Structure formats: structure tokens, C-alpha cells
Amino acid sequence: SETEQTDSNEKELEEISIMLDWYPNAVHSAIYVAEEKGYFEEQGLDVKIEMPADANDPLKLAATSKVDLAISYQNQVILSRAEGIPVVSVAAYVRHSLDSIMMKKEVGIESPKDLEGKNVGYPSTVITEAVIQTMVEADGGDFEKVTMTDVGWDLMPAIATGNVDAIGGGYINHEYVLLNKEGYDMNLLKLSDYGVPDNYELVIVAGEDTFNKKKETIKKFWQAIEKGHEFVKTNPEEGLQVLLANENDDSALDKEVETASLEILLPLMEDDGVPFGYQEEESWQEVADWLYEMGVIETQVDPKDIVQNIVSK
Amino acid sequence: MKQIKKWLQTYSLFCLFTIILLVIVEVLVRKGIVPNFIIPAPTGVVRTIVENWKPLLLEHLSVTMLEFLIGFAITVIGGIALAVSMFFSKIVEKIVYPAVVISQMIPIIALSPIFVMWFGYSIWSKVAVTVLISFFPIVVSTYDGLKSCDKEYVELLHSMGATRFQIFKKLHIPMALPSFFSGFKLAIVFALVGATIGEWLGASKGLGYYSRRMSGNLNAEGVFAAITILTILGILLFALASWLEKRTIYKWKDTD
Amino acid sequence: MTVVVKNVSYAFEKNGESVISNLNMEVRQGEFVSLIGKSGTGKSTILRLLTGLLKQDEGEILLRNKEIALGDVGYMPQKDLLLPWRTVLDNIMMASEIQKDLQLTKEEARKWLERVGLKEYESALPKQLSGGMKQRVAFLRTLLTGKDVLLLDEPFGALDALTKKEMQSWLLSIWQDLNKTIIFITHDLEEAVYLSDRIFLLHRNKKVEEIVVDLPRPRDPDIFHSEKMMALRLELEKRISNETD
Amino acid sequence: MKQIKKWLQTYSLFCLFTIILLVIVEVLVRKGIVPNFIIPAPTGVVRTIVENWKPLLLEHLSVTMLEFLIGFAITVIGGIALAVSMFFSKIVEKIVYPAVVISQMIPIIALSPIFVMWFGYSIWSKVAVTVLISFFPIVVSTYDGLKSCDKEYVELLHSMGATRFQIFKKLHIPMALPSFFSGFKLAIVFALVGATIGEWLGASKGLGYYSRRMSGNLNAEGVFAAITILTILGILLFALASWLEKRTIYKWKDTD
Amino acid sequence: MTVVVKNVSYAFEKNGESVISNLNMEVRQGEFVSLIGKSGTGKSTILRLLTGLLKQDEGEILLRNKEIALGDVGYMPQKDLLLPWRTVLDNIMMASEIQKDLQLTKEEARKWLERVGLKEYESALPKQLSGGMKQRVAFLRTLLTGKDVLLLDEPFGALDALTKKEMQSWLLSIWQDLNKTIIFITHDLEEAVYLSDRIFLLHRNKKVEEIVVDLPRPRDPDIFHSEKMMALRLELEKRISNETD
């Protein structure tokens, strides 16, 4: 009779899957807290958390309904829409850029202009190229003189071993913290200081079909996340503990690093006067315009097609 | 005893050489001449394997093996079926043979993002890579083996009034075995590499995933631990295939 | 007539030069005939026509008044063509595996092996046999098709002088015991004379001469040294050499 | 004329089949049954190639070809040299043969991050992958070919008073050619795939890089454009090797 | 004596049964001797000992009073062993490529081809030749080593009756013209008698009998039908059969 009961319990739970943007780290604390503390279950959800091998994959898999939700990047979503890939963004998870340019101090790069004649490693996306071009040019440099090397997602090995002089696409809360901890004396250049519009670093996306079918479920999902986020905000230490407890044997999360990371993250995940997750169309418009200007996208996209707020202001 | 002696004669030099190489690496790393993240100390790799044997073998190896087994089964069954139909039908042969050969020229890795979209992160994306990479040797070697049969033998059996099926069974199949096995031995190794590549491109378990994950973490010991296990597994599979070949080709007897 | 070849022509390539042209040949039940002739005169081709492996372009080939078909006769090709993965015993059991109505027990097959002196080689693989042994196995395989007409393409070509002599006598005795009809190719004129009732001599110009061997039966190896034998051999040699090549 | 006819006879069915397949895909994509980012319309791929032929061929293809050429040259020269030394020295053979065979069992892709650490993002990391992936067929086929020489031929030349070097030149080399070429044909295709894999792991030029970048941009047409060019290139290289084989084996004449 | 074999024994495996045991044999300059015997009696082994390819376990083998060495004699193995990628001409030029002091021009080689009736096949590849032609090429290759002593292992075994006869006469004429010393293996007793000055008959029990052929030289193919020839053949046959096997 006991098994019967659990059976019926499980039957009531609605399944929903989410693919993270990368392997679990501090930014995902809210999700793991929601899972651990039963917030998902409260909403009647059974959430399957998946990890990608390539940061480009989550969005694609959401578009092809291989997962219901994915954590992706605002830039990436606009780019996808421009390519006609049917995804919508349902919530802003991190409201500001985490992206930055990093280099070892010893290389002596003080501003983007100094990248001239240097080798910059970046992950397989044109957006980072556009970012660096914007920054170098804003700083009065010549982008043509910068060597760009696609290093895949092995950003840290690339810079650590000195195979490249600087990396783009690394996060201030992750790569930067980690590299410093490993004993490399790192410098970083902020994107917004050199003409790149601030953006929603992480957004939650869904395929158009999935969104239309599971709108209500997604709303419930977000409510659980919100609750998780509240918890982490008030008990960062405990929130991290949940994350670390969840780590699998082969991910090497370092408590110190993640604590520092979370400290950086929390202020960037919320803005005053805006509900957690709410997306402003102006932000989307601004980024889309910049991407269009830089020639990354060849067709203008309308933010209205992309933004499907599941929380209202 | 005699077999052990023969084995020693064949491999002792190689083993000696390998050991010397490992010792040199160990010394270089320990003395700090070569940094640990470029080549890990062999003892470090062994320690990693020993310390993590449980997740490595139970969690990751088992997943890789499952992908390998499904993929290789599909390859062998499908490959043989295809080779046989090519053998019996000129039309199938003319369509399939070039396609199979050309499939070899496709850089599978470049195709992998597409695979991820087709199959997601399910086991099937890894199975697909496994099959694609090991299909060619099986199909071509089986087909070539079937074709290789001397016309004079076929005529002899014809003259005895044998049916086409009898000739196929009593002549073409055994004649094809040596060629089939040379493809089989290649394919079994390729299939394992295929499963690893598949995982490398998108997975959450498996030795390929593990090694990629470790590489992202700058953990060279972890990378080499996974590679070591995969290589040993590859050698074992190859040895198994060779043993099967020996048994079948040298002792093969047709019974009705 | 058991085997009748009527006006048969054959060319390997359509509209190519014919290898066999307007051939006529009749072989009686229980007769032993040989085909001799230089290399390339089409001896093997005739045998393959008689098995049904090749189809004549013109004319007809009849076995007991019926068009000849695959599986009607026992055929031993020029090469031994033993299946390398089969033991000697399994090789000679071949035909009985293929033709289910042929009831040959392993016991009987073993007896035959004994008769050709290969008793201990029953479970040897072909690669373990000498050339002569292989030839004997191949012959047995043909014999054990159980067919009435046997076509033998140079069965003793690879044997040494003495073994050859033994095999010849042995073949004669089997032939007499079993009342088989044998069509035999050889390069050895003495062999042809010793074994045959009639000899067909093939020429390069596609003409065929028939020589009747009027030596008494049963023949004894001593016959090799008889006047008559010598005379026949001389006759044959002369006819071959006379050929305007 | 006759050759064209023969070619048509052999490949017409395959071409027909390919065209039908492409038309089906085209229709499916145009009708929106299959979204463009899962499989791009063939015409779209062709358009991408035509529109971007300049960067594709001049910038990317040329880099890939350079990596391929360097890597393949190293493989062929080094592979033959190794095979010959294995042939002449039992010791080298006993050390190297197992190593070469085992190198086949290593999932190279898992090793690739290490390569990047060793060679950086220079051309040498791609060359290394190229060599590692194409080395095995060359060494093994050359060595097996040299070994395959019938002992009786060697004796015949010995009886004429030939030196070891004469026997090697007049007997072993020509005898090894058929086997060598079957390895060569494999290796040439593998080498191209190797260069692509190398680029996939980190590069700033080349078709592998291009395809990866397009995949990052979610531009399926671009991915397939690169794959198409690479595949055609692979076919051409294979055809070239086959032609070389035909010329050499069938017309080979030893002149002093 | 050109070739002297003194008390030679040989076993393929150390401490194994010896194939050749205490063999004694002397061959004069310009002599033609044949080795006959059943299959496996060690005829080919003796030839390989005489080339220096095998090294006797005991005894000595001398060529003009010097220990025999590789490259001293012309050797034609049992299989034709033509190099498949070389033309006929290149195949027979083999030895002159290997031994630089051997000055053989292509012109001379072509003349030889003409003499064996292979003029048009100069640039044919071995696969395009019939078995008999291949054997002739292989013989030429041996002859053109320019060596004084030629060891021929069943050179005419694969030829048809007439071609064989032609080749025998041809071989005799070359031998007489060039004053070569020939050691010849055959299965064909008539051939042995027709060609040889002496015949060594090898037995299974490793004993060797020597038979002197006292037929006059030069010999004519007609001699085949002479009384004397018949008698010698009978004699040989009897000796072979008498062997207790």
C-alpha cells in the first residue's frame, strides 16, 4: 500500500526538464535549493536537471523540444531568433553582464587597445568577437590587429598555459575567481566600460511549442525558483551547502570559490523595483540593435517575439 | 607455461620500454621540469584511478560500455545485413557501396552538433556516432570477403547441383570470414572510440564525459585516468576479437 | 549412348573466336574415353560444357537423351579446389551434403579414404596434405557425388611417377567395379592409351580425331611395355607433331 | 568516352539515389516539416558555398590543406621509415609494433586537450592530431607488406648472390606496394579528418573551425557547407590515392 | 670433378630426422645428371643444398674444389617464381642486374627470348603467359645467370606432352652448345633417360642408386622408341617399385 501511495504521488507530479547553461556552480544555487527543499514538489513539479557539454547546446535542445527549459544567454537568444530558431525567453535569471576580458597581469594589458598584436581566446561564438571588436574600437584600437583564436570552452586551460594572451567569454564570478585562486594574478576589463551594452547574462528559454503547451507549468517552475532564490539570498551559506552537497564526484567545486562567486552574483540577479525574472523589452531592443550594428545578425528582430514574461511587473 | 613464455618473448621488450618511459615521465614531473598539468605523473594517474575507482568504473565505464554495446551490436547486425544484401543485389550494391565509402570521408566530429540536435543528449547521440564510425569497416570487409570467393569454387559447387543458398552458406560465408574478422577487429576498437567521441560532444556520464570534464578543470590526472581505462578497454576488446577470430577461422567446421 | 555431343560450338566472347567448333562426340555407358591435345585446344572447356557450367552457343549435349544440366555428372576440375577449412572427410562428404537424396554415411566415406591410402588423414585439413594427396581427395570427392558419368580434368598431373602408376591402376579397378562412364583429360599419352577405350585428339584447328585403343581388358601395368602400346603411342605422337601449328 | 560510360554505369544509381534524397530533404524543409536548423535545405547549403566561396576556399580550405599536407607528409615519411626499421630490426619491431597498435585504441579526442597544452593553438596541434590518426594504417600496412614477401622469392634472389639491400629493393619494396597502398588510401582520408578534428579543438582558421563557428552561430547551412567541402575533398584525395595505386602497381617497373 | 658432394647429411630440424643422410655424389664438368625418386625423397632439398641456400649438417659440398657459396650456380626452383610486376625481358635480366660483372645486354636477352619462341612476349607480364611459357621464362632466367652449373627442379613438369618434347631437345642442344653442367630433377623416367649421362635414384630409405645411361650422343628424339631406352626405363621402374616402402 505504501508503494501504491508513492506511485500515485509521483503520478501527480508534472515532469519538466531544464538544461543548465554550464556545469553546476554558484549561480545555480537557487535551482538546487528549490529541488532540495521541495519547492518544486510544492508546485507539483518533478524537475529533471541536465548539464550541457557545449554552452551552445541548451538553446538548441530547447528549440527542438529535447528539453523543456534551458538557461541561455540574451545574445544567443537574439542570434537564434535571427536564424529563425523558434525560442522564447521566459525570464531573466542574471540581469547584468558577467562576461569580461581576462588576462594575466604579467602580460601587461591595461585597456582593450593593448590587445593589438595579442592572441585572444574565445568560445565558439561570434558574439565574443563582436564584444571584443566593440571594446577595442571604443578604446581607439584596431581590431584587425587582434588575433582571435576559437578555443572552444576550454577557456581556463588556454589562458593558464599561456597559449593565448587573454580570453573573452570568461565570467567574473567563475573563471576570474578560479584563476586567481589557482595562483594566477589576473586582470579584467569590463564590457560596459567600453561601449558594449549591459545585458541579461542568463535567461531562461523555452522552445515556442513547449512554451505554448506548458505555459502554466513554467510559471509554477518559476515560482519555485523565486522561492529558492529568496532562500539563497537570505541564507547564502546554507544555499551553497545545498549546491555543494549536490555536486557529483567529478565536478570539483571549491567552497571558497563558490562563496566568492555567489557574493558577486547576488547583486546582479535583481534590480530594484523590478520583480525577479521580469524582462524589459528595452534591454532586448538595445542588445538587438547592437548585434545588428556589429553585423552579427543580418535581420532585425522584434523583442516582442522573444519576450514572454511569466512574471508581471 | 609455453604460452606465457611466448607472450613474454613477444611483449617483454615493449613492456620494458613502456616502463622506462613512465619512469622518465615520473622523474621529470617530480623534479618539476615538466609541469603536472602538461603531463601528470604516472603514479598520480594510478592514484586517481584507485581513489575514484567506484565512480569511474561503476558510473562512467558502465555507461560507456552500454553505449558501445548498443552501437556495436547495431553496427555488426546492420553491417552484415547490408553487406549480404549488397552481395545479393547489384542495385543495393551500387547505391550503398559508394555511400558507405563516402561516409568515411565525412569528418564526423563536424557533424556532431547536428547529431545533438537530432538525438538530444540521450544515449542515441552516442550510439549514432559509434555506429557511424564503425560501420564502414564491417560493411566493406564483409562485402569484400563475400566477393572474394574464387569463381572456380563456385563453379565446382554449381557442378554438384548446389543451390544459390547452399553455395552462399557452404562457400561464401566461410570464405568471407578472414576478411570479415579483419574488419571486425578494427570496428570493435573504432566503436569504443566512437562512444567516447559521442560522450565528448554531449553527455552527463561516461568516461568521455569524465575526461572532458577533468580537462575543463585543469585536472590532467583525471584526463589521463579516463584515457588509461579507455585504452586498456580497447586493448581488451581487440584481444577478444582476435581470440574469436582465431577460434573461428582455425577451427571452423561446417556442420549441416 | 550415355553422352551425346552434337554439332557443339562455343566461344567465350560473343562473336569472338570459337574455342570449340562443331564438335561431335558420343560416349557409351561404362566407356572410358580420354581427351588429349596441346594446351589451349579446349579440353577443359569441353568438360565444363559437359557439366552444364558453360552453355554451348550451338548444337546440343545430351545425357541419356535429355539435355544435360548442372548436377548431372561428377566433375573434378584441374585445380584440386579443396575447401581449406574442411577436413578431408568433410571435403569428400560435400556432394552428399548438397544433394540430400544422396545417402552417403561417414562410414562409407571413411572406407573410401582407406582405399586410397588416406585413412589416417580423415581429419587433416587440406593444407596438411601433399599435392598428390590433395589430388586423391579431390578425386574421391568427385567419385562420391555418386554420379554415373565422371569428368576428370588431369587428375594425376601433379603426382610423381610411381604414385601416378598406382593411381592409374586403382582408377581402372574402380571404373571396372562400379561401371562408371569416365571422360578423362591428360597430357600423358601413355596414360591415355593405358586407360582409355577411345582417345579424342584435339587439334589447334579445332578438328578432332578419334583413336580407338584396341588393347584387351582387363589391362595390367605390364601392358605399358607391350608392342601394341608402343605402336599406339608412336601413332599418337606422330599425329600431334604433324599438326601444322 | 568508354571511361565515362563505365563511370556512369558504376555510379549512376548512386547519384540518382543521392539526388532523390536531396530533393526529399529540400521539399521537407521548404514545406516546413523539418525546420531549417535541423537539416538545412540543400539549395541553402549550395548558396552558402557559392556566396562564401572566397573565404571558404581561400582562407579556410587553404589552412586545412596546409595542416593536412604537413601532417600527412610526416605520417608517410615517418611511417615508412618506422616500418622499414621494424622490418630490419627485430628489436625496433618488438618495441614499436605494440605501441602503434595500442595508439589505435587511444581515444584521440580525449587526448586532444593535452595536445593543445603541448602545442598550443599553433598549426602543430592540428598536425599532431593528423599524424596520430593516420599513422597506424601507414605503418601497419607498410610493415605487413614488407613482411608478406614469399620466402621462396627471397631464396631465389639469394641463390643469385643478391645482397640484402638488393633483395629489399628488388623484391620487398614492390611486394609491399599493394599492402602499402591499401593503408595509404585509408590514411589519406584519416589525415584530412584529423586536421578537421584538430581545428575543432581550437583554431582561428580552417574548415573545421568554420564549421564549429557556424554551429555556434546556429547556422546549419554554414556547418553543412564546410562538411560538404571537406567530404568532397576527402573523395578527391581518395580518388587521387587510388589513381596513384593503379599507376604504380599495374605499371610498376624496376629500373636500375 | 666440378661438383663434389661428400658424406652430406641434412635435417630440417635440429635433432630431427634427417632428410638427406650420408650423400655422396660427383658431377663432372659438362655432365648432365638427373635426380629421380618419389615425392619427399629429398630431391629439392639436395638442390637447395647445392645452391648454398641450406647448409649441410655434416660433410662438404665443393664446386671446383672450393666450398660452394650463394651465387655460384644457377638455380631454377620448382615453382616458376617470376616477379609479377616485371616484364618477361626484365625477369630474365634479373641476374645481370644483381651481379654487375655479368654483362648481358638487352639485345642478347631478346635473342634468347626468340630462341625459346617468346619473341613477341618480351614486354608481357607473367600473368599474361600460360604455364608452359612461364616455365620457359624461368628457365631462361636461370640460364642467363651465366653460371656454369645449372640446377633445374622439374622445369618441364607443367608442360604439355609436345611442348615438353620440344623443350627437352632444345635443352639438350643448349647444353651441348654451351657446355653447361646440369643437375636436373624430374618425375618423368623417359625424360631422365633421354637427357642424362647418369641418373641418381633416391629412395625413401635415403639410399641413392646411380644408373649410367649409355646411350650415344648426340641424341635424337627418335631414341625414345629405341630398344635400349625401353630397357633402361624398365630397369628404373623396377628399381623404384622394388623399394620396400
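We just call them A, B, C, D and E in the order they show up, numbering each chain from 1.
Just so it is clear, a contact is a pair of C-beta atoms (placed from the backbone, for glycine too) under 8 Å apart; a residue touches a chain by one contact, two chains touch by 3 or more.
Everything numeric here is computed off the predicted structure, so don't read it as measured data.
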Neighbouring chains shared between chain C and chain D, ordered by label: B, E
Reaching chain E from chain D through chains that touch each other, fewest steps: 1
Smallest number of contact steps required from chain A to reach chain B: 1
Chain whose average C-alpha position is farthest from chain E's own: A
Chain pair, B-C or A-D, that carries the greater number of C-beta contacts: A-D
Between chain D and chain B, distance of the C-alpha-averaged centres to the nearest whole Å: 19
Intercentroid distance (Cα basis), chain D paired with chain A, Å: 39
Whole-Å gap between the CA centroids of chain C and chain E: 31
Whole-Å gap separating chain B and chain E, where each centre is the average of the chain's CA atoms: 53
Numbers and ranges of chain C residues touching at least 2 other chains: none
Touching two or more other chains - residue numbers and ranges from chain A: 56, 60, 64, 154, 157, 161
Touching two or more other chains - residue numbers and ranges from chain D: 37-38, 113, 117, 200, 212, 215
Every chain pair in contact, whichever chains are involved: A-B, A-D, B-C, B-D, C-E, D-E
Residue ranges of chain C touching chain E (in the complex, touch as defined): 36, 38-40, 130-132, 159-164, 187-189, 225, 230, 234, 237, 240-241
In the complex with chain D, residue positions of chain B that touch it: 10-14, 17-18, 37-39, 91, 94-95, 97-99, 101-102, 104-111, 113-114, 117-118, 189, 192-193, 196-197, 200, 207-208, 211-212, 215, 220, 223-224, 226-227, 230-231, 233-235, 238
Complex interface listing, chain A residues touching chain D: 56, 59-60, 63-64, 79-80, 83-86, 119, 121, 123-126, 147-152, 154, 157-158, 161, 163-164
Footprint of chain E on chain D - complex, ascending: 150, 152-153, 155-162, 166, 170-171, 174, 249, 252-254, 256
In the complex with chain A, residue positions of chain B that touch it: 37-38, 52, 55, 59-60, 113, 116-117, 120-122, 199-204, 209-210, 212-219, 222
